[in-house]
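Chains here go by letter, A, B, C and D, matching the order in which they are written, and residues are numbered from 1 within each.
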Amino acid sequence: MSGNSIGQNFVVTTFGESHGVALGCIIDGCPPGVELSEADMQHDLDRRRPGTSRYTTARREPDEVRILSGVFEGQTTGTSIGLLIENTDQRSKDYSNIKDLFRPGHADYTYQQKYGVRDYRGGGRSSARETAMRVAAGAVAKKYLKQVHGVEINAYLSQLGPIKAEAVDFEEIEKNAFFFPDASKLDALDEYMRDLKKSGDSIGAKVTVVATGVPVGLGEPVFDRLDAEVAHALMGINAVKGVEIGDGFEVVNQKGSEHRDLMSPEGFASNHAGGILGGISSGQPIVAHIAMKPTSSISVPGESMTAQGDSAEVVTKGRHDPCVGIRAVPIAEAMLAIVLMDHLLRHRAQNMEVNSSTPVIGMR
Amino acid sequence: MSGNSIGQNFVVTTFGESHGVALGCIIDGCPPGVELSEADMQHDLDRRRPGTSRYTTARREPDEVRILSGVFEGQTTGTSIGLLIENTDQRSKDYSNIKDLFRPGHADYTYQQKYGVRDYRGGGRSSARETAMRVAAGAVAKKYLKQVHGVEINAYLSQLGPIKAEAVDFEEIEKNAFFFPDASKLDALDEYMRDLKKSGDSIGAKVTVVATGVPVGLGEPVFDRLDAEVAHALMGINAVKGVEIGDGFEVVNQKGSEHRDLMSPEGFASNHAGGILGGISSGQPIVAHIAMKPTSSISVPGESMTAQGDSAEVVTKGRHDPCVGIRAVPIAEAMLAIVLMDHLLRHRAQNMEVNSSTPVIGMR
Amino acid sequence: MSGNSIGQNFVVTTFGESHGVALGCIIDGCPPGVELSEADMQHDLDRRRPGTSRYTTARREPDEVRILSGVFEGQTTGTSIGLLIENTDQRSKDYSNIKDLFRPGHADYTYQQKYGVRDYRGGGRSSARETAMRVAAGAVAKKYLKQVHGVEINAYLSQLGPIKAEAVDFEEIEKNAFFFPDASKLDALDEYMRDLKKSGDSIGAKVTVVATGVPVGLGEPVFDRLDAEVAHALMGINAVKGVEIGDGFEVVNQKGSEHRDLMSPEGFASNHAGGILGGISSGQPIVAHIAMKPTSSISVPGESMTAQGDSAEVVTKGRHDPCVGIRAVPIAEAMLAIVLMDHLLRHRAQNMEVNSSTPVIGMR
Amino acid sequence: MSGNSIGQNFVVTTFGESHGVALGCIIDGCPPGVELSEADMQHDLDRRRPGTSRYTTARREPDEVRILSGVFEGQTTGTSIGLLIENTDQRSKDYSNIKDLFRPGHADYTYQQKYGVRDYRGGGRSSARETAMRVAAGAVAKKYLKQVHGVEINAYLSQLGPIKAEAVDFEEIEKNAFFFPDASKLDALDEYMRDLKKSGDSIGAKVTVVATGVPVGLGEPVFDRLDAEVAHALMGINAVKGVEIGDGFEVVNQKGSEHRDLMSPEGFASNHAGGILGGISSGQPIVAHIAMKPTSSISVPGESMTAQGDSAEVVTKGRHDPCVGIRAVPIAEAMLAIVLMDHLLRHRAQNMEVNSSTPVIGMR
C-alpha cells in the first residue's frame, strides 16, 4: 500500500490536485447494507468548504460529491465505493511567477526534490484541498459508527492564537463560523481575526476532537495501538505539528497518583488517559488535541529561493485562510472516524467470538 | 498486516510477553551486504536494559540477543532476520493476587475486554518489556542509515517532572543515568528522584529525539507523510501521550511570519518545522518530542475493580521504574530509525531515477 | 488493504459496476517523470473493448479513459493518478426478471450470500467490465517497463476449445480478431465460432502471456515469489481456472534431467522454468498460461434457484461473448505488467546498492 | 509488508535458512481462546519431516516446534504467537565446492544476482526446509477452522510421473508413504521409485488439496478473490509450476453448458468450479491441484556456470528427495488453511451483520 491510502480493513485511497480536473476517492471494505446518499456527505463537505465565512479563503467551490459505485438502490453493496468532486473554480490564471519559486514553509521545495517535478498550481497535491475527499469518506464512517454503535464524533476549535476556550458547550460549536465552543470569546475572536487580516499575517490554532460511545477493545498492539493510529491519522492532516491523547503533554509534570484514572464497578473516576489504555479503547470518551501551524501563505514578504538556486523574495497574494485551524475541525472528525471504523472492523475480524464476563464500565 | 508489524518495505514484526519464554522479532526487507553482529544491537539493548541504575527497575535481564537467520559470514543476505532474547529472570512468583485484579492506568481491563483472556504475569504483552525487540531492530536500521547516508539519531530526556533541560550538550547525554543533556541539573534530578521513590509515586517526562543527515525527500503524502509516520511510531511506545514535530504545540500561538522557516541558497534560517515540510523531509534535522506519562505501577493505594466486577484496592509492589521516560530514550531512537529506514526504502522504490536540478540546501 | 487493490509499491485500486455510473481507478506509486496521456491507455482499452468483432459481445462502450490527476504538463508527478471511464451504454432495461434469479456458473449466489445485497444489473461488480480499469492501469506499467528496461509484454490465444496454435508468430496476433498467433488455423476458428453461436453455447480457451527483457532479480521470497504473485494476478482475472508458469502441468511427468534448464556463460539452454527460479526472475522470458472457462451466459436453458430458494430455469439472452478468452488477451498483459512493475519497485527498494559481480546471462 | 509474510488479518511471517541456527515464525491475528499446544503442530510437522521413508531425503531433523509466546495456560491470548524450530542436523560439512557454483534449476543464480550475496549452505533461504514453519502455522489455522466451522482440509498425491490415482480413498492417504489415495497403484509406485533412485534422476508430481465445510462467502473481489489468493499461496510453495481450481485446464475444451454447475434448492449438481464462484467460496468443497516440478538436485551431471562466469559441471550428491511432490502434501494443506483462515477473518470484518435470507445450499 502506498502513501495515498489509509486503513487496513476500511481503506480510503484518494487522488486529486488543488487545480486539477477533479478530486476522488475509493472506499474499500465498507460493510454492505448501509443506507448512503450524497446528502450524507454533503453536510460535512459544506462545513469544510472554503468561502463559507470571511475568515476562510474566498475560493468558491461547490464541492458537490458524486457516488459513482458501491451503492445500489440507496444501500452500500460491500463493493468499492467511488467518489468524485469536480474542480470548478480553476481560474485559468497565470502561474509563471510561482513556477520556479519555493514558498517558505510550504512543500514546494520538498516536492521538487522528492519527485524532480511538481504541479505548482495552488500547491498541487500538497494543498489542503485534497482533504475534501477525507471529509467525504469520513462521513461514511461516521454514519456507520453512529448507526451501529451510537458513536458520536465532534471536534471544535479549542484555541486560536492566544484565545482559549474556557467553557466547552457542544451546542455552541455549529452556531459560529469558528467552530468555537465558548460563546463568551466570540467577540474577542472576531476582533483578533480582523486585526490579523489587516496585518497580512496568519495564526496557529488548537483543535480538539472527542468520540463518545466507542466500544471497549479497539486498537491492535503493539504497533497499531489505537493511540498510535489516531496520531498517524491526525498528524497526517496538513499543517498539524502535534498530537495529544487525553492529558497529552501535561503528563510530563504529573505524578502517577494524579494521572491514573481510578476505576470501580460504578465506572472510571476521571479520563486523563483520553479513553485509551495500553493502546486499546477503554469505553471512555476518546479525546485528542492537535496543534495547527499558521499558514505560510501570507502577504508578509519572506526570503526564499528559486528552483535554480537563486535568492528570491516571496509575497503570497490571493485567497488564503488566515487560520487554517478553523476548517480543520471537520477534517479532524473525519480522520478520527476513519481510524475508529477501520479498527472496529479489525477488532471484530479477530475477536468475534470473545465474550468477556467482566462487566463493561463507563464514566461515573 | 496485523498490529505487531511496523513498516512497509523495512518491516519489523515482534512477539513476546513480559514473563514468557522469550521475546523475538523478524526484520524483513533489510538490504543485503550490511555487516551485522549481535554486538551492533547489544549496545542499545544495554542502554534500555532494566537494572542499570537505581532509578530504573531492579529487574535484572541480561537481554542478550541472538541472530537466528538472515546473516551469513557477518553480512545480511537480504532474507528475513530472526532475532531472539530469552527471558531468564522469570521469578516463579505467585500471581494469584493480581490474576483477577485490574490495575488502574494499566491495560489489564482493556486486554481482558478485547480478548476475553490475558497473560496477567507482569502485564504480559502490554509490558514495555517488548520494546527490547524494537531496540534491537532499530539498531539494525541505525547502522544502515549511518553507514549509507551518515544519518545520526540521538534522543535525550528533555524534561523530568518540573525539571527541564535548559542546555543541550549531546556529549553529556551518555554520561549520566538520566540521558539528560544538561549537567547543571543532575543534582536536582537526583534529589527529585530520591524524594519520589520515598513517596512511592512516579513522575512523567519528556523525551526529545533528533535525526541529522536525513536526505531530502522521505515521506509519502498524503497519508503516510513522514510526520504522520513518526507520530505513529512514537505514539506507539508504551506510556506516550503526545507527539510533537518541531515547535509542536507552540505553533498554536505563533504567527505565520514567525513560524515559517525562511530559506535562501545558503540554507534554511531556522527549523521551526522540525525538518519536515508537506510531510516530506527537508534535509534539516528532524526533531520530535514525546510526552511520557508517569507509570501507574506505584505503591500509593488506588481504587479499582476485579475481573468479576467487584470493588478492590490496588497497591503495586515490586520492581518498577519511578520514571519510565528515562528508559524510553533508546526506544525513541529505535522507533525513529525504523521509520526513517522504511521511508528511505519506500522513497527510492518510486523515485530512483529522480535527478532534481535544484541544489540541496541545509541549515545556514 | 482490502480486496480492490493490487500491489505494494505500485498499487492499483479500482471501483465500478457493469451498469453503474462509471469505472475508475487510482494508481499509487508510479514513478514521476513518465510521459503519459490518455492515448497511451486507449490502444489497449480498444483491444479489450466489446463490440470490436462479431465474436465478442455486441455491447458498445467507447471506453474513453480520462486522466483526472497525477499528470502535469504531460508527465507523471509521482502523486496518485486518478482514471475514469464513464459508462455510456447503460440501457435502461428491465432487470426484474433476473433480480431474484441466480444464474448457474455466475457469482450471483455467492455475492448474495456474502453481502446480503447485490447489484444484479449485468453482474454488477462481478462483471468482467471492471477489467477495463486493469487494462488502463496496466498500460501505464507497460509504458514504464518498456521505456526504462525495454520489457515487452505480449499475450495471445494459444487454444480455443479443441483448436491449438501450433506455430507462434507474434506478428500475426494483432492481425486477427482472435489474437491468434497461427494464421493457418484462422479458418477453422471462424467455422468453429459460427457453429458455436448457432448452438447458443460457449467455449473455453487458453491464453499465453510472455514478457521479455525482464531484469534478473524480481520477486520476493518466500511468499511473494514472482511466480506466486503472477499466479495471484492472473487467477484474479474473471473466468480463469488455472495458471501455469513455464512448462506448468507438464512437469508432473518430467524427469529432473529433462526439466532443469542447463546454463553456461553463453546463456540458458532452455526455458522450462518460464523465466523464474526460486521465485525470482532469471532474465529469461517469463512465460505463463491461463485456462479460461466458457462463460455461463448462454442461451442453453439451465436449472437454477431463486433468491427465495425456489427452483427456476435460466436462459441468458442478450449481448455475451461466446468465448471470453479472446478479450482476456489484453487483460492478461495488463496484469502481468502490473505485477512486474510492482516487483521492479519492490526489488530496488531493498537492493539498490547491489552490484553482483556475476555476469548476467540470457538465452543462448 | 515484505515477502516473508502472508495474510492480512491472519498474518504468518517466517525466517530461517536450511543450515542456519533455527527456523521461526510469528502468527499475528490468531483469535484468542483457542486451545493450543506444541502437539497440535507436531503431527503435521512429522508428516512433512524428512527421513520418514526411503523415498524422501535421509536428512534427519526432529523438527520439534516450541511455542514462545501468545499462548497462556493452554489458550491463545490474541497476541502474536512466536514459534521456533532449532536446526540440529547441521553437518559441519565443507561447502567450498558449491560456494561459487550455480546448480541448474536452482535459485543459486537468481539469489546471487538479486542480493549480491547468498547463504549457499543447502540452498539457504531458498531451501524447502523453510516450509516446516508454514506447516506449523497452518496447523493452527486448521485447528481453528475445524473447531469453529467444521472445515476439513486434506491433500494427497494425485499423480507421480506417469502413475495417476484412479480412485480417491481418503482413508488410504495416511496409510502409505506416498500420501497416495489409490492402494491399487502402490506397488507400481514402489517399483517406479526404486528404478528412479537407481538412475539418480527425479520426477514431478501432482498434488490435490480439498477443503470441505468452508462457509459461503470467503474471498475479496476483485483482486483478492479466493481463487487468486489460493493460487498465490500454492504457487508460492517451492517447486510448484501450476495451480488449478476445480476443472483447471480441462475448461479450455469445455462448453458452457458442460462446465457450469447447475443448482436447485436441493443443492449444486456438480462441482466443476472447485467451490469458488466469482472469486467467492460457494459452500461446495474447494478443490485445487498443483504441479510439482522434479527436483534439480540429481546425480545426473549437468552443464552449469560459476559465480565468476566460467563453465562448470554440476553433480548433486547427498540427501535429496527423488520426488519433492510427496512431502508437499502437508505443505499444500497448510497453505490452503492459512488462506482460508485469513479470508474467514477478512470476511467477517466487513460482513458481520449480514443475514442473507437466501438458503445456503450444498452438494446434492
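General observations
Keep this in mind: contacts are C-beta pairs under 8 Å (C-beta built on N, C-alpha and C of every residue); 3 or more make two chains touch, one makes a residue touch a chain.
Keep in mind that what you see is a predicted model, and the values were worked out from it rather than measured.
Ranked by distance of CA centroids from chain D, the top chain is A. More contacting C-beta pairs link the chains of A-C than the other of the two pairs A-C and A-D. Chain A and chain C have Cα centroids lying 38 Å from one another. Inter-chain spacing, taken between the CA centroids of chain C and chain D, is 26 Å.
Per-chain CA centroids place chain A at a distance of 45 Å from chain D. Of all residues in chain A, those that touch two or more other chains are 1-5, 8-9, 14, 29, 32-33, 78-79, 114-116, 125, 221, 346, 350-351, 354. Chain C makes touch with chain B in their complex at residues 8-9, 29-33, 78-79, 148, 221, 345-346, 348-354.
Residue ranges on chain A touching chain C, taken from their complex, read 1-5, 8-11, 13-17, 20-24, 26, 28-29, 32-33, 66-70, 72, 75, 77-82, 84, 114-119, 124-125. Those residues of chain C that touch chain D in the shared complex are 1-6, 8, 14, 102, 104-107, 109-116, 125-126, 130, 159, 161-162, 201-206, 216-217, 219-225, 227-236, 238, 240-265, 269, 273-274, 277-283, 291-298, 300, 302-305, 307-311, 346-347, 350-351, 354-361.
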